[in-house]
Amino acid sequence: MEDVEHIEKKMKLIDENGLRLDGRKPEDMRPIRMEVGVLKRADGSAYIEWGGNKVLAAVYGPREAHPRHLQDPTKALVQCRYNMAPFSVTERKRPGPDRRSVEISKVISEAFDSVVFSEQFPRASVDIFIEILQADAGTRCAGLTAASIALADAGIPMRDLVASCAVGKIDGVVCLDLRKEEDNYGDADMPVAMIPRTGEVLLLQMDGHLTLDEFDKAFGMVKDAIGGIYEMQKDALRKRYAVTAEEFSDLPEQAPPERRAPPEREAPPEMPPEDGEVPQ
Amino acid sequence: MEDVEHIEKKMKLIDENGLRLDGRKPEDMRPIRMEVGVLKRADGSAYIEWGGNKVLAAVYGPREAHPRHLQDPTKALVQCRYNMAPFSVTERKRPGPDRRSVEISKVISEAFDSVVFSEQFPRASVDIFIEILQADAGTRCAGLTAASIALADAGIPMRDLVASCAVGKIDGVVCLDLRKEEDNYGDADMPVAMIPRTGEVLLLQMDGHLTLDEFDKAFGMVKDAIGGIYEMQKDALRKRYAVTAEEFSDLPEQAPPERRAPPEREAPPEMPPEDGEVPQ
Amino acid sequence: MEDVEHIEKKMKLIDENGLRLDGRKPEDMRPIRMEVGVLKRADGSAYIEWGGNKVLAAVYGPREAHPRHLQDPTKALVQCRYNMAPFSVTERKRPGPDRRSVEISKVISEAFDSVVFSEQFPRASVDIFIEILQADAGTRCAGLTAASIALADAGIPMRDLVASCAVGKIDGVVCLDLRKEEDNYGDADMPVAMIPRTGEVLLLQMDGHLTLDEFDKAFGMVKDAIGGIYEMQKDALRKRYAVTAEEFSDLPEQAPPERRAPPEREAPPEMPPEDGEVPQ
Amino acid sequence: MTELISELQRERVYRLAASGTRSDGRTPEEVRPLTIEKNYIKNAEGSARVKLGNTDVLVGVKVELGVPYPDTPDSGVLSTGAELIPMASPYFESGPPRPDAIEIARVVDRGIREAHTIDFKKLCITPKEKVWICFVDMHVLDYDGNLFDAASYGAMSALTCTKVPASKIGKEDYPLPIQHYPVSVTAAKIRDVIVIDPNRQEEQIADARLTIATDENGDIRAMQKGLRGSFSYEEISRVIGLALKASEVIRTKIKA
Amino acid sequence: MTELISELQRERVYRLAASGTRSDGRTPEEVRPLTIEKNYIKNAEGSARVKLGNTDVLVGVKVELGVPYPDTPDSGVLSTGAELIPMASPYFESGPPRPDAIEIARVVDRGIREAHTIDFKKLCITPKEKVWICFVDMHVLDYDGNLFDAASYGAMSALTCTKVPASKIGKEDYPLPIQHYPVSVTAAKIRDVIVIDPNRQEEQIADARLTIATDENGDIRAMQKGLRGSFSYEEISRVIGLALKASEVIRTKIKA
Amino acid sequence: MTELISELQRERVYRLAASGTRSDGRTPEEVRPLTIEKNYIKNAEGSARVKLGNTDVLVGVKVELGVPYPDTPDSGVLSTGAELIPMASPYFESGPPRPDAIEIARVVDRGIREAHTIDFKKLCITPKEKVWICFVDMHVLDYDGNLFDAASYGAMSALTCTKVPASKIGKEDYPLPIQHYPVSVTAAKIRDVIVIDPNRQEEQIADARLTIATDENGDIRAMQKGLRGSFSYEEISRVIGLALKASEVIRTKIKA
């Protein structure tokens, strides 16, 4: 009952033609643009614009974990810090971590933990920094997607890229990639991260209300979307290395940009393996 | 003068028959019930209901003190953390230590410090956790009393049990074991902890107003009460070990509950020594 | 334009005779009184009254820097903590460092860092504590001036004393050593610290508005003032050691006041060298 | 400081789980004994002490007067906190809540808030000015695995017996308006084996964790995946099924 | 970081105390020279710098407008803080107050509050809305033992010269209404010897500490036992007697 | 954790600077390429992303309703913060701002506030009650030296495009009233050599730092000396001259 009342009062999110506020169909994503290697100081970095989201990701490591008592003698720590800039949201956010960003940092760290070959770097840390510069719902998916290619840019050995997207329900319709008004006034939101090639789900959260059928539909929809994002990630990485190669050929005299060699690092897989073989 | 006015205005705490709000006589205590070994994870534990107070105590140790730079090479640290649950009081208490709980933690730590044979465990810590689940005045006495039998339950070698009770003054009459309204509107409150057998005072605080005669009367009253609490503590410990023995005979196949052996611990004195001999 | 309006509205700080609120001429300083060796526990200490300012400075060290991971294997850390007592200002200040005191602590630390022969004490720290007991503008200059003689009192080897004073502009006139109302309603304030003998500027801050000519005038004025403060510092140190000598002759039986010998310290330069020779 | 577990133990716990009989004798689809004691704390407007096996959680609800959020001027406010106090485990430390505790609190919070468990409109006194604030504090007393579910059952149980103290403002006390009874069930994946309501040892060696909250209609109200491992779509579907099955008897106990 | 003391020193200080003449020449029942300088800080509504031997404490009282506590709507508010700043001892650290400082502040606070030292009703301006708040800040400048008493004398001395700045609200300034003059005296027990007003060395080797505040009528207003050692009833009674004896001349100085 | 630099590198960077051609090919008096992208963040009332060489700073200005300070009842409020987030350098750590970040924020803040850059009177809505608060948040994304200037240019650029959202209170949005355009220029002294706009390597080996903000009239609006080294009067004068010279083209970019 209360749900009905709630729906009646709230903003109409899908029009008579089945289109969303910004003219998208339920299965449409917002425009996405990504770029690898955008920061000078970080070992790896990426920038993503995803609808109204502007997100930077940077990676440092593998480097000595500190403080020392947190070191794991068997593997590298994979730790993510998700942070929103104070001006990224409508109402200014106080600087520093709040409970929401602590939780998101935790689930993103866990999502990457089994993908990075962390056993190769005992006592080390791989540090992922995600900065939300401008927020418009779906920031954790955007950040995770960018962090994945920033890890590749840093030459961190990984089983594969991770890609992420959210799916939700608005006005009773399962829709992909909610924007802010849809998230605020919608019925459900479900961010998902996967290894696109294998379908392994590394991040899954959901709140609101989904029937079992809706869940199945939503899952199928977001799986497809994640496949598309994976292709964009690979394009962005290819573009980066193509440009680098070009730069090198243009500037034969200049030394390659300095980058700290990680301890005993394997040759970085510039591109994720296309076949299903997982090295170990 | 102002005291007179103060008394006139405030709640009447003793009626014409000399009885208190809950029908007690000045020298009456509230009902007390204690139980040893109530938690599975802790090395020792106890629960106490004392009037409207519900208090849990848990003990861990002796274990390696950390952070390491706090270790004492000559003895174990005996450290207590007294904490009130947010819902334990009428107005919700913000989680985390406030100044009151820091002070109480300090005086309880000090009260146990010379009773535990801490010299047997250099670089170790004996950690006492007191959680006030429901508060009705006298929580530090209840917590200390419970912690004492939790220490015994953990097998921590001690000179003897410590028992505690408060005494105060309400409507000008010296009364034992104040409850909340009596504490709020009374004239004085004096929590005391002792080794009951020797009369050594390990904790003593007092605020309000007592003449010298009143102090003498109050002290005698609380000393007797503490003697009674000591008997209850011993009963609770006896009951615990009786039950354990029974359980063992019922379940001959099952191994005893696992408990980390403290480093080079003496056989735990299951019952405090009845004679005055103090080993060292 | 707005400056004009601002000036029109604000308090008149210089009268028709060119005199300031407290009768000073632009180049006049407030009365200053300093005393060395005022605390028993600290290795060195000094007290300064400067107009309405009352400031204590204490020095501990060279002593082992802690926490250990902050130690510098090549030199001692010179670290200052500038702190205002809660009651030192008109409106009570919450205890603990605010952003202002963090900045002032930083610039004072830097001012002393190259003056102390810190290379003589690797892994050590020289800790300077400045407490503003009563504030009336110019506290950082007063604190720095007092800290300098407290360092000498502690026997810390230094190239020379550092002295400090502020200069500013009020009602469009360059004036020395602003007091509180002048600072609040004035046009500019510029605290300066120097090694008076060499003219090396170790601290320089300025905010407000100065033309280039005004800056030159202000700098000349404050340089002269700092020369005068330097003489007062030397007097205060002479007086201290004279008194000590007297005390010793009066009390031949008593041992000199205990003072921890710093590791391999050079004989403390009781008086800064009068010639320009700078050792090391 | 995290708890370490030997390879031997790890192997033993996995073998048992894979064999269909777990270390504590349960089947993979079996929840530990659950006891709920409501109204445990008289100073709270609602409370419940929940024992899920040896995991022991006390939840208190305080309802106090306060100001609504500007963007929901006619709704009461929910504030949820979890404390993993050092009494409950040698590996819990005092201090501000760590990520583990924050995650639990937030998952429970979303489970209540986004599932429209409470009709917050009925907690409004004067729009924009005065509403009731519900503080739900989850106090973990003894940790033996699966805090997500134990805390969630404690929170739901405490809410179902919470009285809004409207007599403070001259009206009559009334029960908190509960609309739904979502029940969370957590599964642990140990290599290829999935068990629900993992105990402490199982949790320590689990590769991945999945919490599913379902409501009285069999719909999903919240999900949260945790730990470094992954789930396939089929595994997720299976956990949803297990959650639906296990939730009914638990819901009955919570409503009782 | 705690100060360490050698066994040799420990033995020497005990022997001296036991002999009846302490390391600084005092008898066991003798308080160190006490000087009180009132109105030391002009920016404070009341202040006093107290030297008890070489222990040096500066106390400032700020009186500001504020809102009363809901449960005492017609009373002013007292807020007491102690800071053991690192200037005063190589073993004091900067940062938030540690248990030592908190205990001192709370004992002084209770000594003022529970002993009805101030008539807080006279600090009420408009019930429920506006009252005077007294911030008593105890700033320890030099530590040479017995901060409990030095801080307490400083607080009482500062309060006795505090003016309520009622001119800010269009009335006349008036002195803070002091009703009692409790004086605390602290004893240290070193093995079997009891000395009052312990200096730093005595404090370091003391087994137990007992602070007794008595008022002008010879009644007890506050007690606080500290450290790991114990007191017998007879020892407590003796300390009360010593406190009563020593307090008179101190009270005269505080009231002066 | 501070960045260490070898003696060899130190010598190399100094030699280059002394030779008149710096490690990045600039002359000592040359500022790195500066690009300013205004209105970068749509959720902010003003914003600018500034790249000074490889140093990359994003500044957002949020303008919100609030209460004025009691001592300036008819003025808006400025609140300035800088965060050296760990993304920008391996030597920046998360957590509350450290002294470096605080110094930058405060120098930028004074440069705006004390130089009367903004007419704060025009940010007053109702004296004593309601004013506009400007939050200027400087977010350092990539650190390659000279944050003082990059942050300052970012703040000034963001302010120049900031709209006061007066439509929220039924009026018309209007641009923030900027009165002055102070431009800061920072010099580093490496032994006897002075360079402006130091890059990261130069900053690491610098003995002293001097920041001078000058306005459109050639007057000085702020100064801040840093690091352990010293400046003579002549050196300060020289830096003022360099700052005046370099500031003009920068001011044009900021105003654009």
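So that you can tell them apart, the chains are marked A, B, C, D, E and F in the order they are listed, and the count of residues begins at 1 in each.
Here, contacts are C-beta pairs under 8 Å (C-beta built on N, C-alpha and C of every residue); 3 or more make two chains touch, one makes a residue touch a chain.
Remember, it's a predicted structure, so these values are computed and weren't measured experimentally.
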Chains contacting each of subunit A and subunit D, listed by label
none
Determine the shortest chain-contact distance, in steps, between subunit A and subunit F.
1
Of all chains, the one whose CA centroid lies most distant from that of subunit A is E
By CA centroid distance, what chain is farthest from subunit D?
C
How far is the middle of subunit D from the middle of subunit F, if each middle is the mean of its Cα atoms, in Å?
48
Gap in Å, rounded to a whole number, between the CA centres of subunit E and subunit A
58
Where subunit D touches two or more other chains simultaneously, the residues are 97
If I count partner chains per residue in subunit C, which residues reach a count of at least 2?
none
From subunit A via subunit D, the ring reads A, D, B, E, C, F
Residue numbers on subunit D that touch subunit B, as the complex places them
1, 40-44, 47, 54, 56, 58, 60-62, 64, 81, 83, 85-90, 94, 96-97, 135, 137, 139, 141-144
Can you check the complex and tell me which residues of subunit A touch subunit F?
39-42, 52, 54, 56, 58, 60, 63, 66, 81, 83, 85-92, 95-97, 127, 129, 131, 133-135
Hey, which residues of subunit A end up touching subunit D in the complex?
2-3, 6, 99-100, 102-103, 105-107, 110, 113-114, 188, 190, 195, 199-212, 215-216, 219, 223
Of subunit D, residues touching subunit A in the complex
97, 99, 102-103, 105-106, 110-111, 113-116, 119, 121, 179, 207, 210, 215, 218-233, 236-237, 240
